[in-house]
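First chain A sits with chain B, and in the next complex the same chain sits with chain C.
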Partner chain A sequence: MPEVRLDGVRFAYPGGVEVYPEPGLTLALGDGVTALVGENGAGKTTLTKLLIGLLRPNQGSVTVAGVDVASATVAEMARIVGYSFQNPDDQLFERTVKAEVSFGPRVLGKPAEDVERGVAWALKACGLQGKEEVHPHDLGLSERKWVAIASALAGEPKVVVLDEPTLGQDYPSRERLRMLAAQLADLGRAVLVVTHDMDFVGESCPTTVVLSHGVVRYAGATEKAFADRSMVDDAGIQPPHVTALARSLGMSESVSEAAFLAAIRW
Partner chain B sequence: MAGGLSLYAEGSSFLHRAHPLTKGVLMLSAVALAFIAPSVGWVIAILLLLLALVTAAGVLRRLLTVALAILLPLTLLLLAVQGFANVNNRTEAFALGPIVYYREGLAIAALAALRIACLVCATFLFSFTTRPADIAEALMQRGLSPRMGYVVQAALQIIPQTLDTAGRIQDAQRARGLETEGSLPRRARAYLPLMLPLVLSSLVATQERAMALEVRGFGLAVKRVARFDFADNTYQRVLRWLLAVAVPGAIVARVVGWR
Partner chain C sequence: MEVSSTALVLEGVCYAYEEAPREAVSDISLTIGEGEWVGVTGPTNAGKSTLCLLAMGLAPHFFGGRLKGKVTVLAKDSRSVSVIERSSEVGLLFQNPFTQVSGARERVDEEVAFGPECHGVARPEVDARVEEAMGLAGITHLAARHPMELSGGQLQRLALAGLLAMRPRLLLLDEPTSQLDPAGTAAIFQVLDGLHRRGTTIVMVEHRLETLCEVCPRVVAMVAGRVIADGAPEEVFNIEKVQERVGMPVFTRLARARALPRPWPVRLRDAASAFAKSIA
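== the complex of A and B ==
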C-alpha cells in the first residue's frame, strides 16, 4: 500500500500562479527512499508542503499513511510526517541541541519514554552524540542542518521529508546522510528527498520522481530515470557524474559508483 | 514560490514613471497636510485626492486589500475608545443602557481615523509605484551618502522581507507540531518558537549583509557612477517645490487661525 498518494491534485498560489496544470498531479509512493527532482519552480516543495497540510489543494486529494490530509490539522499530520526544511535557522530557538530535537515530540504530547527513545535515536543517527548540551547556534551550518534533520526524526514519523539535505554538507556528512536514508528505509519508513544533487540521488535513492512544470515526467527506478535524455534536459536536471562518465565510455547506464565499478570489472 | 521582497506593483502609469523624489515629496506632504489640516472636510479632500491617484496608478484593489486590514480594526478601536472614554466628552450621541456614547469622541475618532487612512494610502501609493532601489538611487544622486542610501533602502525592504522570513519560520514550526492559531494561551506558547528564530536570523542576516557590502568595496570614499538617470522635468520640479512650500504654509496658517 503506498504511503503517499496524490490524486488529481491542483494547486494555485494566491495571485494565480498555478503549480499543477490540468488534469492535476497524480502520484503514488511506497516506503523506501524516493528522490523528488526537477527544475526550480517545478512544484517539488509545494508537493511536500501538501503532504503535511501546510498547503491545501484546490482540487484533488492527498493521503499520507492512510490519513486524508484534508481531514487533519498540520499538528496532527506532524505525528505522521517529519519535515526537515532547507534552512535550519528557520526553526532553531532552543538553548541546547537536545531541547531543540525534543521540541517536536514534546509539542505533539508523546509519552516521556517515547520522547527519550526517539531523541536518543535521532541524535545518534545524525552524529550529534556528545553535542546534546551545545547551543545550536554555536554549531556550523552543516551541524545545524543535522539538528533540523534530527528534529524531524525524533518523533519517529512514518514519512520523512528532507528538503535539500545535502546543501552545504561535506563528504562525511553526505555519507552519513546516505547511511541514514538506508537505515530509515530498513525501518520501513518512506523518505522523500527533495534535491538537485543527482550524485546523491544515484547513490542513495532507489526510486526517483522527476517533476517538470508541475507534471510528473518520470516515476520509477532511479537506474532508468536518466535514460530519456530529452526529458532530463526538459526537467532542468543533469544525470549523476558517473552516468555521464559511463556514457562517454560507451558503457551501459550506471547511476551509482558501485554499479559503475561492477560494470567495469565485468 | 514565495512572493517578492518589495511591495512594488508593475505598471506604466504616470505615477510609476514619475521621479522617485516627486512621489516621495507627494507622500510626505500629503501625510503632513492631513495631520496639519484642522477639520474633517480638509482631511477627506486629501484622502479623496490620494484615492484618485491610487486609482490612476491602477493599484486601488491592491491598496484596499491591505489598507482595510489595517484600518478597519484601528478605526473600530478609535471609535470605541474616544466615543466612550474621551475626557472631553460632553454631548450624548446615544446610550446603550448605562453606557453613553458621545459626539465629541466620535468627531475626534473620525478625524484621527481619516488622518491614519491618509497616512496608509500615501505610504502604499508610494510603495506600490516605486522600487526601493530607485528611492535610494534617486537620493544618492541628490547627494545622500551611500551609507544613508543603503539605510533608506533597507528600511523600505525590511517589512516584506521580515514577513517572508516569518512565513518560513511559521511553516517550519507548524511542521513540528506547533499550534500557532486558536486560543490566547496557545498563541502565547507559540510566541518564543516563532520570535526567536526571526530575531536570530535578522541579526545574522544583518551581519552577513554588512560583510558582503564591505567586501564589495562599499566603504570606499569615491564618487560612484549612477546606475541610471531618472526622468525629471519642469512640471515635477515645480510640483515638488509647491508641495514643499505647502507644508510650512499650512503650519503658519494653523498658527494664525486656520480653523
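== the complex of A and C ==
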C-alpha cells in the first residue's frame, strides 16, 4: 500500500497561479527513498507542504500513511511526517541542539523514553553527538541543516520529507546522508528527498519523480529516469555527472559510480 | 579607475570569532590578482565563509573577534576601511540568501535599489543600475513582487542583483547557485563569466567540485582554517591530501577507482577522453 497518495490535487497560492493544472496532481509513493526533482517553480516544495497539511489542496485529496490529511491537524500530521525545511533558519528556534531536536516529540506528548530513544538515534545518525548543548545558531549552515534533519527524525515518523538536504554539504556529509536514507528505507520508512543534486539522486534514491510545471513527467526507477532525454531537457533537469560520462563513452546509462565502474569492467 | 594589480592579499592572517575557543582561519597567506576567478572549497568548518567575511571587512568590523596579520583589499588595509565604504567596491553574496535581503523593502526592484540608494547614487543612475542588475540576474519579471514571497532560487537571484547594482570590482560569492536548478545555475554562471571578462575579480565558495573545476581557473582548498592547496583544478585535485580531506570531482574519483594513468581528470571532457583511451 502506498504511504503517500495524491489524487487530483489542485492548489493555488492566494492571488497566484495554479501550481498543479487540470486535471490535478496524481501520484502514489511507497516506502524507500524517492527523489522529487524538477526546475525551480515546478511545485516540489508545495507538494511537501501538502503532505504535512501546512497547505491544503483546493481540490482533490492527500493521504499519508492511511490518514486523510484533510481531516487531520498539522500536529496530527507531524506524528506521521517528519519535515526538514529547505532553510534551517525557518525551523530552528531552541537554545540548544538537544532541545531543538527533542522539541517535536516532546510537544507531541510522546512518552519520555520514546523521546529519549528517538532523539539519541537522530543525533547519532546526523553526526551531532557531542554538540547537544551547543546553540544551533553557533553552528554553520551545514550543521544547522543537520539539526533540522535530526529534528525531523527524532519523532520516528513513518514518512520523512527532506527539502534540499545536500545544500551546503561537503562530501563526507553527503555520504552520511546517503547512508541515513538507506537506513531509514531499511526501517520501512518512506523518505522523500526534494533536490537539485542529481549526483545524490543517482547514488541514494532508487525511485525518482520528475515534476515540471506541476505535472508528473516521470515516476519510477531512477536508473531509467534519465534515459528519456527529451523529457529530461524539457523538465529542466540534468543527468548525474556519471551518467553524462557514460553517455559520452557510448555506454549504457549508469546513474551511480558503482554501476559505472561495474559496466566499464565488462 | 585606480590601478591596483591585486584584489585581495592576506598575509599571515589568523582570525577567531568573539568568544570562540579556536581560530576560524589560521595563518593564511594568499594573493588574488585583479580580474582572477578563484574557487574556494573545503569541508565544513574549513574557514571558507570566514575568508569571505574577512575580505568584506565584516570580520572583524561587524563580528568583532581577534584578527592577526594583514588583509589588504583593493590596495587598502581592511582595518582602516569601514564596511560601508568597502561595500562600494566589494560585494558579498551570503551563503543563505534569506539573510541577505534588507527586510526594509516591499518590492523586488526597491530591494535591488537599496544598496545604491544607501550610497547616495543619484536617482536616474539608480534606476539604470536596477534595470541592468535585474536583467542580468534574470528577475525583471519579479520587479513588483514582495521579496519575502520569493522561492529560495528567486531570492538567491535577488541577492545577486542587489550586489550587481553596486557594480563591485571584487565579488565574493558564498555558494551562489546552491538554490538554483540547472538552467538557473547556467544563467548565473553566464553572468559571472561576462563580469569576469569585463575585469571583475570573483572569489567563489563552492561545494560542488565538478562545477568548481568547470568554471574556475584557480582553486584554493581549505581544511580546518588553513589553505592546503592552491593552483589549477587539475593540480589541486590530484594531490592525495586534497582527495582525502576535501574530496574530488566524480570524474577524478572514477579515474582513481579504475586506476587510470595520472594525472586524473577533473572535468567531463577530460574524463571522457581518458576513459575512451583506457577502453581502447
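Heads up, the rule we're going with is that the second predicted complex is superposed on the first by the 265 of 266 C-alpha atoms of A that agree within 3 Å, B and C clash if a C-alpha of one lies under 4 Å from a C-alpha of the other, contacts with A are read in each partner's own complex, and residues count from 1 in each chain.
Assume a residue touches a chain if its C-beta (ideal position, glycine included) is under 8 Å from a C-beta of that chain, and two chains touch if they have at least 3 such contacts.
Keep in mind the model is a prediction, meaning the values are calculated, not measured.
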Answer with clash or fit: chain B and chain C placed together on chain A by superposition.
-> clash
Look at A:248 in the shared chain and tell me whether it touches chain B only, chain C only, both, or neither; answer first, second, both or neither.
-> second
Which superposed partner A:81 touches (first chain B, second chain C, both, neither) | first
Report for A:257: first if it touches chain B alone, second if chain C alone, otherwise both or neither.
-> second
Partner chain(s) touched by A:41 [first = chain B, second = chain C, both, neither] | both
Check the residue A:170 against both partner chains and state whether it touches chain B (first), chain C (second), both, or neither.
-> second
Intersected contact list for chain A, partners chain B and chain C 41, 45, 87, 89-90
Residues on chain A engaged by chain B in the complex (per definition of touch) | 13, 15, 17, 19, 41, 45-46, 49, 52, 54, 73-75, 78-79, 81, 83, 85, 87, 89-93, 103-104, 107-108, 137, 151-152, 155
Inside the complex, what are the residues of chain C that reach chain A?
-> 42-45, 49, 95-96, 98-99, 151-154, 175, 178-184, 207, 210, 246-247, 249-251, 253-254, 257-258, 268-269, 271-272, 275-276, 279
Chain C contact footprint on chain A (complex, rising order) = 38-41, 45, 86-87, 89-90, 140-143, 164, 167-173, 196, 199, 236-238, 240-242, 244-245, 248-249, 257, 260-261, 264
In the complex with chain A, residue positions of chain B that touch it = 1, 3, 165, 168-169, 171-179, 192-193, 196-197, 200-201, 204
